Structure formats: C-alpha cells, structure tokens
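Let me give you the structure first, and then I'll get to my questions.
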Amino acid sequence: MNRLETEFLGFTMKNPITAASGTFGYGEEFRSFYDPSLLGGISSKGLTLFPKEGNSGIRIWETPSGILNSIGLENPSVGRFLEEEYKRMRAIDSLLVVNLGGNTLEEYVEGARLLNEADIDVLELNISCPNVKEGGMAFGVDPKSAEKVTRAVRKATKHKLMVKLSPNVTHIGDMAKACEEAGADAISLINTVQGMAIDVDRKKAVFDQTYAGLSGPAVRPIALRMVHQAAKAVKVPVVGMGGIASYKDALSFLMAGAAAVMIGTGQFVNPYLGKEMVEDLERYCEKENLMNIGEIRGIV
Amino acid sequence: MNRLETEFLGFTMKNPITAASGTFGYGEEFRSFYDPSLLGGISSKGLTLFPKEGNSGIRIWETPSGILNSIGLENPSVGRFLEEEYKRMRAIDSLLVVNLGGNTLEEYVEGARLLNEADIDVLELNISCPNVKEGGMAFGVDPKSAEKVTRAVRKATKHKLMVKLSPNVTHIGDMAKACEEAGADAISLINTVQGMAIDVDRKKAVFDQTYAGLSGPAVRPIALRMVHQAAKAVKVPVVGMGGIASYKDALSFLMAGAAAVMIGTGQFVNPYLGKEMVEDLERYCEKENLMNIGEIRGIV
Amino acid sequence: MAVILENRFLGDEMYLLSAQYEGKAEPGQFFMIRSAGSFPLLSRPLSIFDVQEDSISFLYKVIGEGTKEFSRLSQGMELDLYGPFGKGFDLTPEGLNVALVGGGMGAAPLFYTAKRMRELNPDQEITLYLGFQKENAVVDVFKELNLPLILNFGGYVSEEVDYEKHDVFYTCGPEVMMRRVSSHGKEFGKPVFVSLEKHMACGVGACLGCTCKTKEGNKRVCKEGPVFPGEEVFYE
Amino acid sequence: MAVILENRFLGDEMYLLSAQYEGKAEPGQFFMIRSAGSFPLLSRPLSIFDVQEDSISFLYKVIGEGTKEFSRLSQGMELDLYGPFGKGFDLTPEGLNVALVGGGMGAAPLFYTAKRMRELNPDQEITLYLGFQKENAVVDVFKELNLPLILNFGGYVSEEVDYEKHDVFYTCGPEVMMRRVSSHGKEFGKPVFVSLEKHMACGVGACLGCTCKTKEGNKRVCKEGPVFPGEEVFYE
C-alpha cells in the first residue's frame, strides 16, 4: 500500500496534497511542470452561477512573504465550466473538488443544483469570499449565516460537501462547528486574510476594492493555529491550508489535525511544489518508518 | 515649526514615531544605538498589578517575515515599576505611555489607580493579551467586555486613556467604537495576531502555551486594513502599528488614518529604525512640501 | 537552475544578464525568474532579450527589491528560470516594412524579435525606434544589429515614428506610449501589436492575476499575451 | 556595515568568518549579525571568536536559513554587526588553573577567552577541552593557541575533564554538557561558569525573549548573561 494514500470522505486520495482553489486554474495550467494527476486532489477556481469578470485594477501585490490578491472571482460560470473545463479536469486522475461561490443564498443553491449533473467528487463551498455578502454581512464571518447557507446547499447537492472557512473571525472553532451541524462533510481553511496595501508614492490604495486577500507563508502561523482549533472543534475531517511551501509545512498542518492539505501561493514561488512535496513526504514516511502518513495526524 | 510635530491628546509629540510596548523595554535598552528622546513617544513593557514571571519554554520563534512571541507579560508589577524604571523613563524627553495589562477587571482598575500617583502621559490599556481572560473570554475580542473594562479604567484613571485592540476579531470597527463610547481618548492597534508553530522534528508545538502572538512585516497588510477600518469607525485618534519597518510603511499607516504610529518588531531587524524613520520622514516632508506630516493623515 | 554567465551593468540602473540555457524560446515570450532563496516571494517576469546557442539573456532595470536582487548576481551564481511563457510577436508579419518601437525597458523584447525576423526573412525591412530617459549603453548593444535605429532621449519616441512608411508596428513600453502608437497606427489603417505588462503571480494562466480587458472579453497577459493586437486591448 | 575579509570553510558545516572591525569586544560577549537585506528577519547571535587589530572573527555552524545565508558570503561583501552585547567571562578568575570546556559550536567563545586571559596573566594555566561530532579543521585553529588541548570526537567531553586538577571551569555548549560540567564542578566545590543560548530577538534586553530562570529570579541571557555561574542557572 502507498504510504501517502489518504481516505477522505469515502474517496481514496493518492496523497494528502491538493491544489488550492484559484491557484491552479482548472488543473491543466501547471502541466508543463508535472502531470497534475500526481496530486491527491485539485480544487477548481471558484465558480459562480453567473459569469464574473473579476475586479478592475491591480490584482496581485506582493507583501513581505505574502501576496494580496483581488481577483474578484473571475470565472466563466458553473454552466460554462460544465461544458468546457470540467471535462479536462475530470480526465485528470485526482480528487476533483469544485469550488463554489455566490452572491446570494439562491445563487449558491442554484449553482450546487447545476453541479448535480456532473461527476465531481467534492463540492467546496466558499463562504469566505470577502465580496460575497448577505444583508451586508459576509456569510463566512457569522456562524448563523454560515449554518444557513451550508444547510441549504447540503439539501441541494448530491455531492460530498466541504465548507471553506474565512480566517477573518473571532472564533474559528464556532464557525467550523456551525457548518458541521448544518451538514458539512468536511471543513477546509483558511481562505485569505483580509488585508490592505497603500501605494505611498501615488497616495492611493493599491486595489480598486481597497481591501484584498492575504495568502502565502506570511499567514502560515495564523492558518496553522486556526486549523488546530478547527480540528479540535469538529469531528468531520479538516483540510488545512495557508502558506504551505514545503513538505515540513505540510507535516505541521497534518500534525495539527488536518486530514489533508492544500497548496496555493507556494506554487507561485516554486511551480514544482506539488510534485516535490509528494516525493518529500514519501521519503519522510520511509525515514520515520510510518506505514501511512495518517499516523502523524493530530499528534500535536 | 517642526514638520513632524504631532498634537496628540493635548500633548505635543516631536514626531509621530513611538516605540511599541514590549519591544523597547523601559526606554533605555536601545540607547547604545540612539538617544531615545529622539522618538515621539515610548510605550513601556506591559505592566500588571502583580509581578509576572512570564511563560516557560521558547519565547521567540521566527516565521516568514514575522516572529511569534510568547513572553507572557513578564514584568516587575506596576508598583515596582513606579519605584524603579518609571524614573528613568520619565527622564527621557518623549511622550511617556504606560502599557497596562491585567487578569481581571479588578486588577486593571487597581493598576490604573496606582498609576495615578505618577506623572505619566498616556495610559495604554492592553485588553488584547491572549492570556488575559474574563469568564473564559478575552476582554479584547468581545465589544461588551471591552466596553466594560474601558469604562471601569476610565473612571479609575486621571490620565489620558488609550485602549489597545486585538486583531483577533471579526469586526475591528465595532471594537474601536465600543471603546470610544466607553470613554477611550484614543485607540491603538494592532496587538499581535494569534498564531502557532510546530517543531516538526520534535513533533510538538514550539510554545509551551501552544499559541503565540505574531508580529512583524508579515502582518502589516492585516494591520493596515484594521487601522483603516478603525480610523473610519471612530472620531478619537488612532495609533497604528503592525509590521512597520520603514518610513514608507509609517506613511502608509498615516495615510490610512493613523494619528501616529508605533514600531515594534522592525526594531529587532534594524535597531536604528526609530532614528532613521524620523530622519526619513523629515526628508519626505521637505521633498513633498508638507508644512506638517499631519497633512497626509487619512488621505486614503 | 541556470548558471549565470554575465551580469553586465549598462548604465542608468540597467543590466544585461546572460545565463546558460538550452531550449526553445520565441521573441516576445518571457520567463518568470528568481534568484535562489525564498526572497522575494514571487518570481519576476522578464522578456527574452536574446537567445544564443547555449545561453539566454535578459535586459532589465532595477525597480524594486526583486530586480535589486538580480543586480547583485554575478558569474557562476545560479538563477531559477521558469518558461518560456506566453505568445510573442508574429515573426512573419503581413507587410514587408516593420517598425519596432520600444520605450525604456520595452526595448528588451525587440532585440531578439528583430534578429529572428531577419533570420527568417532577410528581405524584411526593420526599423528600430528606441526611447530612453538618459543616454546609456543599451543603445550600443542594439547597434550590433546593424539596423536603422532612431533614438530619442527624454521625449516621446512614439512621435518619432514614420507611420506612413511602415506597414506594421510592434511596440513595447509604457502604456501611454503604446496607446499612442496604437492610435497613430489606426489613423493610417495599419496593424499595431503591443506587448502588455501586468503584475503576475503564476505566469502560466492559473491565478488570473494578470487579466486584461479586451474587445473579446478578459484575457490573460501571461497566456494569451503578452502580445496583443493594439485595437483589441486599447479599444475604449 | 562591516566588510568581510574571509569566510573560510572548516569542514562539517563550520565556517570562520572575519570582518573589518575597530572597537572593543570582550571574550564571551556576542554580536547580533545579519547579512544585508531583509531576509531572514531576525539577526543571529554569534559569539566573538577572536579580535585582532582591525578585524573580528566568528566561528559558526550552518544550522538553518540564517547561518546558511552567512555561508554564502564572501570577501568584500558586507555584514551588519550589532554589538558587542552581554557580559562575558571573567578574565581574572580566582584560581590559577582554568579549564575551558567547549562542546561543538560552544568552542567559539573559548578561543578569545583563552587568548585574552593569557595576555592579562601569562602565568594563568589554561587547559582546553573540546568535543566535536567529527574531526574538522576548527581543531587546527585552536592548536595555534599553543595550549594544552584535549579533544573528544563523538563522545562526552565533559567526562574528559580533570575536575580535581583545575580551580575553575568555563563551559559553553549543549545544555546537557554544561549541566554535567556544573554538577561535577559542584561535587568538587569548584566554581563553574556557563554560557547560555536562547532564541533572541533584540539582543539588548528589551524584548524579554531570552529570559532564563535563575536562583535569583528571571535574568536576560542577552544582558545579564550569556555567562552565568552554573549553580545560579542549573539549581533545580
């Protein structure tokens, strides 16, 4: 048996390394570096019921050990995805996660319904997009709204449901618990941390939307803490991410209780990251005499 | 008139650069690099009513562009401070800020009363220390508790009162407003962001207390966003900090609405930071033809 | 990892860096480049300046921390080169008489473009228009091409161009300049191709950080570009 | 900024780095050191290995990213040196016969300590006990001192020491080793001084990151230390 094989929601992942939503396109973009089917899973760019052009202005800004992004969920819509990118993505032999965003409860539900047609593995509900609001309040920062949208999508989808949490909250454990109670099969976190940059020379906010999302190694200590707290708060599996840039980082998230990890910004630093991490983790298991990587899960 | 002079709570600061609590000892420690009276202000290490030994184990851990610290408010107590460090600190010709921590409401109030004896300029109420809890809930992450402790200390102290906020909350603006309503004369933020590190080789949390506080350039985008939000939420002056490591960083906080800034971790990278920033800001004002640095405040 | 052969200072904060390289690379394409280590976080996009038998070179200007790090490199040190990425200039344009118009570092992709075009069609007529803030040694490097070379220092190179004479225009440089070349070309009913710059994270079309608006909807500068028909991107 | 004169590889990941320096510096004190640039964030504490007329040197081992950066430095490059900080070894100990016991990189402060002690009192009897994992060229550097030198590779150097013969013991190295020297010294009723290592942020007593417990309450390794009487810090 493969030492990295990971049981997750009834699926057998080759390994616990997944590409994070929005950082790996629809699975094909990094192929010039390695075969994406080497990865345990791939999460699609966030999709919405209606196509989105995304935000104007600068979309990427580097910060110390991190990046701020203001992509604004640019995507062709769930429907167009099903006609085009979906087929190429399904052809990759890896856990197929579809990331779903939305502006209203109805959009989420309708998007989820549309995805019932397709043979996807996991629906990742992105309730943490800062631009997505319900009554002025983002779904992802209030346990009651999170519960509501999770419950509605749980009813609408036939797929396994993973809810992706925002780190911009006081009590991450409460958010995780609310989603678990509403029927989430798994929790993933963290999405980006809300941040800001000012172009001092131009005396202006860098981003047209003023605020943007921070990711990358800078946020890793925050992400690790939240994954630890979330894993303690719920029984369903937790998928951890935020600044992972080496196999040791991945190990720390697994030790903190994650069932699997996702890699995002780290791939912009080293496009071979996914492949190298899988190899490094295999070597680690050998060296540490682990029959399976799962043995270290949650030991901290 | 000095272009950097900054009116703050009725005091005239030489410039808007202040040393942040816990990173500059009691004002004398960096003297081998420069005369501390060059700074606009100095905030003391956090003091408590009773002496504290601080936390066991590793206390400092480097992260990408940041540090996690778990000092645990080691301090000699307010009383001992008044006998010893206070005198040396008062002798420095700079705004004297005393940072006050506590375990209970009563401790805060008692500490504030003791400080009435002394000629200090500003009392900085640290309600954001992660180890300080009221009924299991830190004062700094719940607007009601924050309001309560602010109100109580407001009554007890004869000094100007600045409340220092925790970034570990969903709505920083609400926290700032709660403190303003309870009588805070100013708001300072951010304190450290709660984070975690795991020593993968030892398969253990790095810190005996598991979680620790993240500071440094890594958190700057988060801090800047929160300062912007807080400055929009309240009328009282806001003092901004979090990862400031150059005069351009300082400018971005001022442009985001801060009346003054504090420098912490950046001084560990460059011990001359305070002095160099004052010089750089002076040059900036000349170059930009500002009569006073305050002209750029809040322009973003 | 590519071993650095030379990192030559050319004045006015500009450098010509060459490194060992074997492989294909088309004019107008770019590489995502980083000097070893984890700082700065993102790789920096640089256009291909020239390709020789076993080497590739890049012309860059020091702007911020990333290019500052590049300037510290010297012979024998190593570099990570990811690429080549994107779609470059069409080397067999419709029209015999091509103008290549570069402003500042926009000159970078034009050297190899001119060189390859002439190799593919020795009859191709190529005129180079280059604008810089100050005099510098980059100009001397371009002189090696032995092509008509019109220079402008401190002014608007877009206004030096003879829009009547040439059949097609390739341009790279500040957006204002490229917009001018585009609209002049349009006036004369002639095709203009522009090479865009956007902040990039991935370089391979995965992050949507570099999207630009076009007549036909959003396109990714790193994947569908960086070279676009001018009228497609400057259409408002 | 200090200009680097040499960064000599001594085997087993160890280097001897020397840089231009004029100023005072006492044995057992340390500097907070960074290679130019913002990575890594914190400066790294290194003990003074030796001071010569216009230069200072440091002996270090590559452990993580910070020391890795040091190993990449070469002659002519620059270094930020903040210091000297802390309180070092007493150079006029009570007792004529001193043992200096170093484990691994704990050897670093002992070279200059031995050298200065002998300069101050040519009659001082000094024996060096050094323990390393593997053979290396550091040993050759210590041989230049021309002092009795007892070596141990891969074992416990603390157990090589003749606790009867010497009057006072200075030790630096892994904590287990220093604890052993301390307790042996105590058995013989003789004073032991140990040099502690803690993660440091400021190096000047401001952050309280390096606090150690002592019999008389918390002390800062960077300010009151790094050298402490063994019985004061290993008292439990």
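Chains here go by letter, A, B, C and D, matching the order in which they are written, and residues are numbered from 1 within each.
The criterion applied here is as follows: a residue touches a chain if its C-beta (ideal position, glycine included) is under 8 Å from a C-beta of that chain, and two chains touch if they have at least 3 such contacts.
Since this is a predicted model, take the numbers as computed values, not measurements.
Farthest chain from chain A (centres taken as the mean of C-alpha atoms): D. With centres taken as mean Cα positions, chain C sits 35 Å from chain A.
The centroid of the Cα atoms in chain A and the matching centroid in chain D are 47 Å apart. A straight line joining the Cα centres of chain A and chain B is 34 Å long.
Each chain gets a centre from the mean of its Cα atoms; for chain C and chain D, those two points are 53 Å apart. Shared interface positions of chain B, i.e. residues touching 2 or more other chains, are given as 64-66, 216-217.
Shared interface positions of chain C, defined as residues touching 2 or more other chains, are 38. Taken as a graph of touching chains, this assembly forms a single closed ring in which every chain touches exactly two others. Taken pair by pair, the chains that touch are A-B, A-C, B-D, C-D. Looking at the complex, you find that chain D touches chain B at residues 34, 38, 40-43, 82, 198-202, 204-211, 213, 217-218. Only residues 22-25, 29-30, 32, 45, 53-54, 58-62, 65-67, 69, 71, 74, 216-217, 245, 265, 267-269, 271 of chain B touch chain D when the two sit together in their complex.
Listing the residues of chain B that touch chain A in their complex gives 63-66, 68, 141-142, 168-170, 193-198, 200, 203-205, 210-212, 214, 216-222, 224-225, 228, 243, 248, 251-252, 255-256, 296, 299-300. Only residues 37-39, 65 of chain C touch chain D when the two sit together in their complex.
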